[in-house]
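Letters A, B, C and D mark the chains in the order given here, with residues in each chain numbered from 1 onward.
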Amino acid sequence: MPEIEEAIRPTADVAKDHVRAVYVAMLRARLLESKLSSLYKAGKIVGGVYLGKGQEAVSASLGASLIQGRDIFAALIRDQAGRTAFGEPLIDCTRTYLGSVLGPMKGRDGNIHRGRPRDGMPAMISHLGAQVSLVAGMLMARRLKGILPGTVGATCVGDGATSTGAFHEGLNVAAVEKLPMVVVVANNQFAYSTPTERQYACDDLLDRAKGYGVGGHGVDGTDLLACVSTIGRAVRLAREGHGPQLVVARLLRLVGHGEHDDGSYVPDTLRAGALGRDCLEVGQAQLVEGGYATAEELERWRTDAAEEVQAAVAQAQQEPAPDPWTEVWEACSVKLSTEGL
Amino acid sequence: MPEIEEAIRPTADVAKDHVRAVYVAMLRARLLESKLSSLYKAGKIVGGVYLGKGQEAVSASLGASLIQGRDIFAALIRDQAGRTAFGEPLIDCTRTYLGSVLGPMKGRDGNIHRGRPRDGMPAMISHLGAQVSLVAGMLMARRLKGILPGTVGATCVGDGATSTGAFHEGLNVAAVEKLPMVVVVANNQFAYSTPTERQYACDDLLDRAKGYGVGGHGVDGTDLLACVSTIGRAVRLAREGHGPQLVVARLLRLVGHGEHDDGSYVPDTLRAGALGRDCLEVGQAQLVEGGYATAEELERWRTDAAEEVQAAVAQAQQEPAPDPWTEVWEACSVKLSTEGL
Amino acid sequence: MSVTYVDAILEAQETLLRDDPRVFLYGQDIGKFGGAFKATKGLAEKFPGRVLDSPISEDAMMGLAVGAAIEGMRPIVEMQFADFSSIGFNQIINQAATHYYRTGVPVPLTVRLPSGGTPGSGPFHSQSMEAIYAHYPGLVVVTPATVSDAYHMLIDAVKLDDPVIYCEHKFLYRWLKSNRINGDGLPIGKARITRPGKHATVVTYSAMVHEAVRAAERLKEESGWEIEVVDLRSVKPLDIDTVLASVARTGRLLALGEAFPWGGVTAEVVARVCADGFHLLDAPPRRLNARDTPVPYHPKLWAAHRPTPESICLALRELLAF
Amino acid sequence: MSVTYVDAILEAQETLLRDDPRVFLYGQDIGKFGGAFKATKGLAEKFPGRVLDSPISEDAMMGLAVGAAIEGMRPIVEMQFADFSSIGFNQIINQAATHYYRTGVPVPLTVRLPSGGTPGSGPFHSQSMEAIYAHYPGLVVVTPATVSDAYHMLIDAVKLDDPVIYCEHKFLYRWLKSNRINGDGLPIGKARITRPGKHATVVTYSAMVHEAVRAAERLKEESGWEIEVVDLRSVKPLDIDTVLASVARTGRLLALGEAFPWGGVTAEVVARVCADGFHLLDAPPRRLNARDTPVPYHPKLWAAHRPTPESICLALRELLAF
């Protein structure tokens, strides 16, 4: 697979564009999400809102390391930035949150459950951990079709999701099959309100990699450049045939679990500490200091992103809601009986 | 808990008696099981027969390190020796296999599913891994009642069972709660016909201990003295408050998965190698060489055990089968309605 | 001062923790945080060490509860949503449900399942799983529809020596209020005539009791029909005697539920009534369930997915017209 | 030369693997070993890389199958016993069943569940889970009772674009033989009149079809009654038209099943017949199921736990006497 290797191995130039692209995705996601938050507070959203604030560097680094149209990205609850980096249009998000029937889920499912499975973006179910084996299966299919190597499948989970049997079974199966898979654990120190000491007893979730026989990579999730390089390397290793790679990113969720939650259980000391840094601010400084972008570029990106968000919201808001009268109430694709039962 | 520590900390003498007791349990189990095997071939058994041949050293070392009436032993599929060492009377086994209504399960469940939950021996369900959290719960109950420390809960699983979500969730919960629990993995290289390379991808299942934040202990499961000391230490550490301990014993199942299976998928090279040693023979040699027992004693133990097995079989064979007419067909202990539905 | 349905659940748990040292609570975020729906608010502080946050491990949560129950404790497990009990399914149906029959040792645990649909909750936060659990011998399945039942049936569930699946309806949590918790002493296993009538019987449970009453009121106003509403309260055991007595009075049966249409409580009710009270029926019995798709996310779809007063009225009119 | 029921399953899988490159098999011990029941014997050698041994991870097995199906493959997953599908339950009902409705992308997978009781198998190797899966929108549930159906319905299941739960009865594996596999072309979703009759209809499926036929023969011999036996073949969709047509002829219905008595197929059948064919019934419909306890281990208890020709005859005599 030499040509694939080349395509993603960062040369100095590629790396620069890549970092810029990651940052832009983070920025677009952040602005979109803060808009969603306002809309939620204004009662304009259908259902709950779950944001990825503080996790954009991790998520976008992953999304941007994957190749849309070839790879698989099973985004999870806090992956707006990764989705954006992977190439999901913002309108998929606003349509879903605002209940447009034109969204990818047609109003049948909502918010972060959206996806386009045929475009390498499976639509998550709520049950945590369940997407790990699903991605493994998508990769198995490709192997059976003879189109592996060449594809990477990736998914993100939280620290809490590592306690699920599904996570364990899925990662283990992927390891047994030596699939080109990347599982990123965004360890944001809490699962809803539950701190990590009630979730696991090991020193570092990274200690699990060896037990599964997979590659292990730890990273400071607030550090954009570190995320780009570590997650990029994990994706590359998977792509090059080294089997599943487990990335554990340390960071903090800078919002509540959902917008209904103020996250007041997160101690101030944590917020004030290194984990509480805002990866977008860190990234911005890194971009300027490292000469990846100028202050003007940053400003323009922000303006562009704000306009784009505005447009995506405006468009979705004008679109019709699903109509129960024209809804096709069928759970199977094939009609075997007149009644459906 | 000083008095408990004393009770099990092997002094020279205690250690000798302890090793002898372990060996006797192994022997009794072996003879009982070979009798069960003959009975199975003669069509005298109700249902399937699952034996622990080759795993007696591991199992009995565990059973003998636990204190009946105080500790919990959730025996699994290949734990006849551990059950015997823990104190389960042989008649519980023969009654269950021969379908006597006087057995602990009254004919409602069979073979290795028997137990006496009120005496610290939960009755396993078939679903692998499920007993891990159950034992954790029994220990939690004791902690809540204020009678922890002082108790150890132990269970055995196979290499195959480590792939279950239940094993993962259960061990993780035990670790989070820092429960005095010992989980012994009898890695007998196969899960039914499936070799370990289709089961997991790590070098050694022991590598998992760190990922759960629990103690880890590896042992050659064919070596009686090694098992006694390693498993004894794991139990002691659990009892002394060091949280869950994971023991991984390397060995080989010297029989088929069940007596219906000839195990022909096990390569001869494995059988002929170090893992294929018979722990009972190894143990016998160790006993004699180490001065733990004389040849006469060994011979007497064998005769006693054979008689005991014969008696347990003879007794169970005379006993009545369950009678559907007098059977109490009730799944709940409380009768809430006349119909039960 | 009024008590909501979720307050009643909180209060019942407080009472149980206070009065019975064997009781403890186990679930995700139920400790200091007080639970996703605040059904355990303040309890961790009041009962230190007895209200425990669990990892996201529904299988282990249930296995742990069975183990504790075997040892004589009375665990109450909160599933964050009923839908996630699918992960604890194996431990519930194979470990908890079979234990008494297999060993003679009962398993006194209670699983709280925040159940049923609310607008915008979608396919994985809206499920009604009572029929799944009721299928299994060894489980008791209750579905309180009132504030008082929410309280008393939880107390009774925990007192029962057998495993109880306690299905609490999320839609009722804050919407349903009562001036006080006043029990009428009905035990688990007994249904209640929520609204007496004489022209047709609606047999239902949980949130649908209220939709049925609404439909009944509408039909009364509009056309003078007197619809009797029977609240099953527990779906297993199912109080067929009360149902039959009602059908004997009205001659007409509508079995109503919010769950999926294949099988389930409504099928069991109709099948039982037809087997035991065939001669009582003056018209073919009817069923009304949710539609045969996952529960949709968008409120507009959701409202058309489950039975509503409108669709209940429609079904009743057809039943009455027979 | 005769073909057994399990041979038919093996042969169907061989045909599928041969004719459709999208098909692969996944399950515990199904590779070189050929499966716990030898339903995949020789296939790993004939189709290298397409018959894969899985770890003991039913949740992941099902998740993997869904993922592969989304990508256009046609996985067949063998559960070692239906009972262990309780671990794959979440992936089946939440991932597979909801996928088409949620995303518009169908999930063409088949899960083979070795189901039902055999003497000495006990509570965890004897379960019938068809009713559990049939409750969920998005799943098709089939229950072949004949050698030919075992073959053809498996072929049809794999060809179907939707997830199919294929319940194969372990009791029939080697006991049921046929001279050849001769299909009658019935598709999934259509029931079959296995034995025509005129005095009563037994609606049943899977192994109980044979017990019903035995009972029918006995009643014919002993008293001249002509009992019609309807084999549902698939329990979801359930072919109520064929059932109603039969009941229209006989006026009497016994719904018979091997599963637990609360809910399930028999409740659904009775409820549907009563709703749609109330006027066709000359007697109250009856149900006969297993007893309401876990499936007992000892053959003597087992034989009294599930319906037998004797208990079916008894139920039919009461039905006929009405």
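Keep this in mind: a contact is a pair of C-beta atoms (placed from the backbone, for glycine too) under 8 Å apart; a residue touches a chain by one contact, two chains touch by 3 or more.
Keep in mind the model is a prediction, meaning the values are calculated, not measured.
Peer 1: Which chains are shared contacts of chain A and chain C?
Peer 2: B, D
Peer 1: Any idea whether A-D or B-D has more C-beta pairs in contact?
Peer 2: It is A-D, judged by the count of C-beta pairs in contact.
Peer 1: If every chain is reduced to the average of its C-alpha atoms, which one ends up farthest from chain A?
Peer 2: B
Peer 1: How many Å are there between the centre of chain A and the centre of chain B, using C-alpha atoms for each centre?
Peer 2: Inter-chain centre distance comes to 44 Å.
Peer 1: Give, as an integer number of Å, the spacing between the C-alpha centres of chain C and chain B.
Peer 2: 40
Peer 1: Where the centres are mean C-alpha positions, what is the separation of chain B from chain D, in Å?
Peer 2: 36
Peer 1: Note the residues in chain C that touch 2 or more other chains, in rising order.
Peer 2: Correct list: 54-55, 57, 59, 83, 86-87, 90, 94, 97-98, 101-102, 123-124, 137-138, 236, 238, 262, 291-294.
Peer 1: Where in chain B do residues touch two or more other chains at once?
Peer 2: Correct list: 105, 108-109, 113, 125-127, 163-166, 169, 172-173, 176, 198-200, 330-331, 340-341.
Peer 1: Quick one: label the inter-chain contact graph as line, ring, star, complete or other.
Peer 2: Chain contacts: complete, every pair touches.
Peer 1: Give the list of chain B residues in touch with chain A in this complex.
Peer 2: Where chain B meets chain A, its residues are 163-169, 172-173, 175-176, 178, 197-203, 205, 207-214, 243.
Peer 1: What residues on chain D touch chain C, complex-wise?
Peer 2: Residue list for chain D touching chain C: 83, 86-87, 89-90, 93-94, 97-98, 101-102, 123-124, 131-132, 134-138, 236, 238, 255, 259-260, 262-268, 270-271, 274-276, 278-279, 281, 283-287, 291-294.
Peer 1: Mind pulling up the chain B residues that touch chain D in the complex?
Peer 2: 46-48, 99, 101, 105, 107-110, 113, 125-129, 160-161, 163-166, 191-194, 198-200, 265, 321-325, 327, 329-331, 340-341
Peer 1: Would you pull the chain D residues touching chain A in the complex into a rising list?
Peer 2: Those residues of chain D that touch chain A are 24, 49-50, 54-55, 57-73, 75, 90-91, 94-95, 97-106, 137-138, 140, 160-162, 187-189, 234, 236-240.
Peer 1: For the complex, which residues does chain D have touching chain B?
Peer 2: By the definition above, chain D touches chain B via 28-29, 31-33, 36, 53-57, 59, 81, 83-84, 86-87, 119-125, 261-262, 291-294, 296-301, 303-305.
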